[in-house]
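The chains carry the letters A, B, C, D, E and F, assigned in the order they are written, with residues numbered from 1 in each.
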Amino acid sequence: MKYVDEFRDHDLAQRLAATIAAEVDPGRDYRLMEFCGGHTHAIFRYGVQQLMPPRLRFVHGPGCPVCVLPMARIDQAIALTERHGVTLCTYGDLMRVPGGDRRTLFQARAEGADVRMVYSTQDALRIAREQPGREVVFFAIGFETTTPPTAVALEQARTEGLANFSVFCNHVLTPPALAAILAEGARIDGILGPSHVSTLIGTAPYAFVPEQHRLPLVIAGFEPLDVMQSTLMLVRQINAGTARVENQYRRAVSETGNRKAQALMARVFRVRERFAWRGLGEIPESALELAPEFAAFDAERRFPVACAPTREARGCECPAILRGEKRPTECRLFGTGCTPAHPLGACMVSSEGACAAYWSYGRTRAQVATG
Amino acid sequence: MKYVDEFRDHDLAQRLAATIAAEVDPGRDYRLMEFCGGHTHAIFRYGVQQLMPPRLRFVHGPGCPVCVLPMARIDQAIALTERHGVTLCTYGDLMRVPGGDRRTLFQARAEGADVRMVYSTQDALRIAREQPGREVVFFAIGFETTTPPTAVALEQARTEGLANFSVFCNHVLTPPALAAILAEGARIDGILGPSHVSTLIGTAPYAFVPEQHRLPLVIAGFEPLDVMQSTLMLVRQINAGTARVENQYRRAVSETGNRKAQALMARVFRVRERFAWRGLGEIPESALELAPEFAAFDAERRFPVACAPTREARGCECPAILRGEKRPTECRLFGTGCTPAHPLGACMVSSEGACAAYWSYGRTRAQVATG
Amino acid sequence: MTNQPTAHIPLDLRHGRVELTHGAGGRAMSQLIDGIFRRHLDNPLLAQGNDQACFTVPSGRLAMSTDGHVVSPLFFPGGDIGALAVHGTINDLAMGGARPLHLSAGFIIEEGFALAELDRIVASMAQAAEAAGVRVVTGDTKVVERGKGDGVFITTTGIGVVPEGIELSGERARPGDAIVLSGGIGEHGVAILAEREHLGFATTVHSDSAALHGLVATMLAAVPGLRCLRDPTRGGLAACLNELAHQSGVGMQIREAAIPVHPEVAAACELLGLDPLHIANEGKLVAICPRDRVTDLLAAMHAHPLGTGASQIGEVVEDALLLVQMETSFGGARVVDWLSGEQLPRIC
Amino acid sequence: MTNQPTAHIPLDLRHGRVELTHGAGGRAMSQLIDGIFRRHLDNPLLAQGNDQACFTVPSGRLAMSTDGHVVSPLFFPGGDIGALAVHGTINDLAMGGARPLHLSAGFIIEEGFALAELDRIVASMAQAAEAAGVRVVTGDTKVVERGKGDGVFITTTGIGVVPEGIELSGERARPGDAIVLSGGIGEHGVAILAEREHLGFATTVHSDSAALHGLVATMLAAVPGLRCLRDPTRGGLAACLNELAHQSGVGMQIREAAIPVHPEVAAACELLGLDPLHIANEGKLVAICPRDRVTDLLAAMHAHPLGTGASQIGEVVEDALLLVQMETSFGGARVVDWLSGEQLPRIC
Amino acid sequence: MCLAIPARITAIDHASDTAEVTLDGVARSVSLALLDSAEVGDYVLIHVGYALNRIDPEEAERTLETIREAGLLAAPGDAP
Amino acid sequence: MCLAIPARITAIDHASDTAEVTLDGVARSVSLALLDSAEVGDYVLIHVGYALNRIDPEEAERTLETIREAGLLAAPGDAP
């Protein structure tokens, strides 16, 4: 696979590992937060952590839109199917996420709800066209990467006059989340910045990181060599005491990003005043809702559902993990009460969550033995 | 089973058989037409024919509403499901009746049509109530026995305002059919008159039989002793040269019948100018359609469907059989091309049809051997 | 924090439902298998957790039989799909004269099926197997999407050992042989139909679902030279006799008065316009027996709890037309044909 | 005008569809059985028309296995549900070291299923059985109402003979043993997924569906002391290795670079976000072999057409945590766990 | 098609104009919409879920009596 | 969730604004609605059925080159 295999090369990895090992200062810690679940996934799946020197640690950030979705939004989605009888379309990632009463969309479906897994917003449009007698709601989730496809579908629905289609919008924004974590004083030395998010929004939105928090940030691709090269770039900035935004993922990311997609998002959405992030709490201006012009396609306006307040599992360390303060193994529920099959916390619900990645890939015999 | 088992008694059958044998004139034939499929069924199922003297033969009449339903009406019912997407409810008897292209409702259902077997018009109403979003059509068929339940359902639907319910009416009347056969000069000596039909309409409507055709008619119950006693009554009239309407089935039939049901039928239906009977052709004033007051519940008005003209199977002797002119074994298709599993003609489609009853019960070794 | 094969949250046998993930080959599936199937059907072969069971069998002839069970409703008076799936396959083995040894069970479960009901069904299966002295030694579980199945379908396959000298087969009926029926007909079918809401009738009839291999062993001990055995299941006694007549190339002459029918079965059939001869049984058998051994056979059957109602119902006759003919209780004669008009779906 | 068991109008194999009456135990059913099942699966045991097949088997140990097949779509590049149902059960027998003898087949067919497709499926089944030297000796057919099934489900059960001295079982892996894989992974699953319209991708990958008993016989001839065999079907290689690790109470250490993956399989997995280790195979096996016999084993496998791609992919290790751990091609290490997040329904 | 069977009324629900009937222990519910009146203990002819008519016990007995006579006497002229 | 993968455009349908792409022989159809322009032969990043952006071949080569150098030189200061 071109532009894939080259960035998974074993020999180059060894060389980069050697360079990193040579360049780190053995007298200090390097705590690098990878913002994205995609990075977390790559680090665990390819075993990048083991190639790093002992005192360089990846700290897992909140960059998984599934993980940070509040449980109440799942409850609301289930309520849409049960109270309003809608056909709910969603990406497969959401099917197994438990809501406030631990019910998932899979369970709701088993109990009779009409829930469909889709692979594209185009599938959701097709389903709406195929069953004009039913209301079809697309349960939209994702960062800036996944938002433009929702916007395309909404413009299409409006053009077609597809009156039985609407969107339950849960798109969130990465820079405000990063700002929120940093504002709380996360103990980190550098940041691996969003990869595919940045293909859309460019590198400019991250300028606040060095400016306000004096931290280096490298936009890093999701392949393991991308992660390693970005790590080297951060190590060098840290060693040099600089704090700049650098772009390792130049082959897909520019400073300005995809302007066509940005314009589209601006037409279809507007920024919400505030939105709750699971594990992080409410963050102002951190999410999108449909613009007034698209009110007719806004499931939240068309099918209001109130849900009981939810409470996180007692003992779940997700807030600390999402802020980079704790590791999954430091949660006493990890692997006992909480596994990917029965997630209790945000970090276990998606395969890109820190706890899930650690469980699925990270429990090497050596690590397990040492805790 | 009270009022059932008594009328199936072996010893009484032997006695009646002896009496009949003693009373028949060995020098003449007794050709007795049993009008109803119910009689045909009893004669074959209990082996009544074998208890009769050689020259007394039962001749099978047209009294099976399934048999006489024109193939085009099946085609129309299938078209209702396919062209108008309705849910079609029908008594099980109709499911296996082939239409003009040999397709049955079972086949249509296998191909995706929404066809439901019901056991009562109340079931059809319930289905209509349960799925208000779909049009539910009751495929009504039957003689005067089965007509009042359809009428009850129609009055109920109107009272409830059940707008998605309608009736595809195929109710037919027995006296005009009997009149049509007799008018053609059927070669018979007496008639076993309708049993359950007469519980509704009484004995009076048969007065034309002795009056116009000088034939004795005995309203006969459907249990085998009823058939035998009625046979004896006919034998006695024939021997005596009388032609009267007698009522053997006094325990359920009166001269006037069920006036409440008659009034109901009069409110809900009106007589059609003409209706085609399979095997007999068009008979004037021989069927019912919905009264104008019930036009909103008339599937024929609401879902017009034109169907290609149909043609009976070549070689099928049904017209002659339904007129009492031929026996099933005289048809060259009987048991070769035409069986209950794959009926070609009217007399094979229902278990009460003469050919079907003969096939299912009547092929005793002795008879088969002699053809 | 070990790499446990099953998740830590126990199956919710009260409120839980089968999800697609229970059929996906991962942890949830192994949890379902452990929590329901192995728990109830507990035996060393199944416990090994291999994809096949290995065991030694006595040398000689084996019998093998399979039946899918799709009965609706799943629970009915006198049984449920679990017990039925055990009895059905045991009986088909027994009809070959085999002593049943082992069963396999393949489950096809619809997404959303209540775990509590699955648990009940598997428990019933285990009980039926235990009572019959057989074991479910291997199995399989598939889950299909909602609307692609109907609760649960169970396909059981069985193997058994045919004792030396036993030679039962449907083509061995000979003119002059006696036709024996083990008891009253139509009870299974009527018990199922009575549970169907839309038919709107109620009876006290229970399914006769039972394992017949014990009765068969008794019969074979008394009359090793028995010709044929068959259980009159789908299609009822009528189908069973017609099948045997066709396989053997003979006719049959039976007497309606000799065929026991429970009054409620008869009444339900009158109501529905059905013939008890076409109604399914799940605990009855038809035996074809040399004429001179029928007294011994009936004596042996009457001594067994499942054969107390046994009687000779007729004789095998020569007939080029292979007809099953019946002398009616009323005194007439008629053919007994395969059912062709009516449909009785999902009776077993 | 004889009392024929089948109706006179032949089955319409071009335009006909399965109706409820085909499952009702009457003439239509026997016509379906004669016109499709017996015609293709033709063999003396099936032809007898009994509800069980009786046959002699060599004395010794028998293996028995069952699998329900609910794959969607029914036809896919490299196979169909009919061939798959034969291969799947043969393979589960072969994994016990058994030489497959006889199969049973239980069909659960949805009302409305095209007779032409059923005919194609049964023909394919017959061909697969013939090629593998086994016979379908007994079967069963049920028809369920439209919307209560999905085309056709096939449950096959097989029995086979385990040669003297062969002792294969999932709990026999020992630290130090070699882990051998017979060829590239993920082809069956990707071939199925590519047929699913809504996933919207196309490949040239064919299912690897194949009967493995010949390969197994070759392997056992070369290395009779083989410890375990298992086919990595649902859940893929990952589930297979984890199952074996758990049964044997060991860990496993494998090398990603040693596991062959067809480039299109790898690419499809990237597109869908799946891991080839979790994708189903239907013609591959994993063997656990004493370390000192692995060269002989691989030599024997390479000589067999279904083993040309065989390689040692790792070793059994001591591990109280029972983990399957993998050295990645990239140079790191990770655990290989059961699939838990994604769902791949109806793959087999 | 005209299948109808006598069953005994065991209970009447006037609100819904339906009755419970029994036939040798088999129970079902039927509509009384076609009858002017009916009482518990009456035998009614059941057809597609409706009671069509009552059975007249005296007429039934008389019919049976006639059949018995016809058999016993076995002579012409003893018409019903 | 942000899974995206580079694939090569093999055909463009301007009418529907979609492209056929291939990834090592695996073909799929994607929407081009988010791109200003695209040509056959371009590599695009595919995400939930949409092309998000083009891959810049020169930048990709430069990145790889830098990685190779970082490895070879194994010395501090050789920043990208």
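Basically, a contact is a pair of C-beta atoms (placed from the backbone, for glycine too) under 8 Å apart; a residue touches a chain by one contact, two chains touch by 3 or more.
Remember, it's a predicted structure, so these values are computed and weren't measured experimentally.
> Keeping to the contact definition above, tell me which chains border both chain D and chain E.
Output, common partners of chain D and chain E: B, C.
> For chain C, which other chain has the most distant CA centre?
Between chain C and the rest, the longest centre separation is with F.
> Applying the document's contact definition, name the chain pair with more C-beta pairs in contact, A-C or A-F.
Between A-F and A-C, contacts are more numerous in A-F.
> Among the chains, which has its CA centre at the largest distance from chain B's?
Checked the centroid distances; the maximum from chain B is F.
> Pick same or different for copies chain C and chain D, depending on whether their interface residues overlap by over half.
Chain C vs chain D: same; shared/all numbers exceeds half.
> Let me have the rounded angstrom distance from the C-alpha centre of chain B over to the C-alpha centre of chain F, please.
The answer is 75 Å.
> Report the inter-centroid distance (CA atoms only) between chain B and chain C in whole Å.
38
> Provide the list of chain F residues touching at least two other chains, using ranges where the numbers run on.
In chain F, the residues touching two or more other chains are 3, 5, 23-24, 49.
> If a residue has to touch 2 or more other chains to count, which residues of chain D qualify?
Within chain D, residues 1, 3, 20-21, 26-28, 200, 263, 266-267, 270, 321, 323, 335, 337, 340, 343 contact more than one other chain.
> In chain B, what residues contact two or more other chains?
As it turns out, chain B has residues touching two or more other chains at 1, 4, 14, 96, 106, 119-120, 123, 339, 341, 350, 363, 368.
> Name the touching chain pairs, please: which are they?
Pairs of chains that touch one another: A-C, A-D, A-F, B-C, B-D, B-E, C-D, C-E, D-F.
> Any idea which chain F residues touch chain A in the complex?
By the definition above, chain F touches chain A via 1-6, 8, 23-24, 31, 33-36, 43, 45, 47-50, 52-57, 59-60, 62-64, 66-68, 70-77, 79-80.
> Under the stated contact criterion, what part of chain B meets chain E in this complex?
My answer: residues 1-4, 6-7, 11-12, 14-16, 18-19, 22-23, 36-38, 63-66, 91, 93, 119-123, 141-143, 145-146, 148-149, 152, 194-197, 199-200, 222, 225-226, 229, 232-233, 236, 239, 246, 248, 250-253, 258-261, 264, 350, 352.
> For the complex, which residues does chain F have touching chain D?
That would be residues 3, 5, 7, 23-29, 46, 49 of chain F.
> Note which residues of chain C are touching chain E in the complex, please.
194, 200-204, 263-264, 266-268, 270-271, 273
> Would you pull the chain A residues touching chain C in the complex into a rising list?
Against chain C, the touching part of chain A is residues 96, 106-107, 109-112, 334-337, 339, 341-342, 363, 368.
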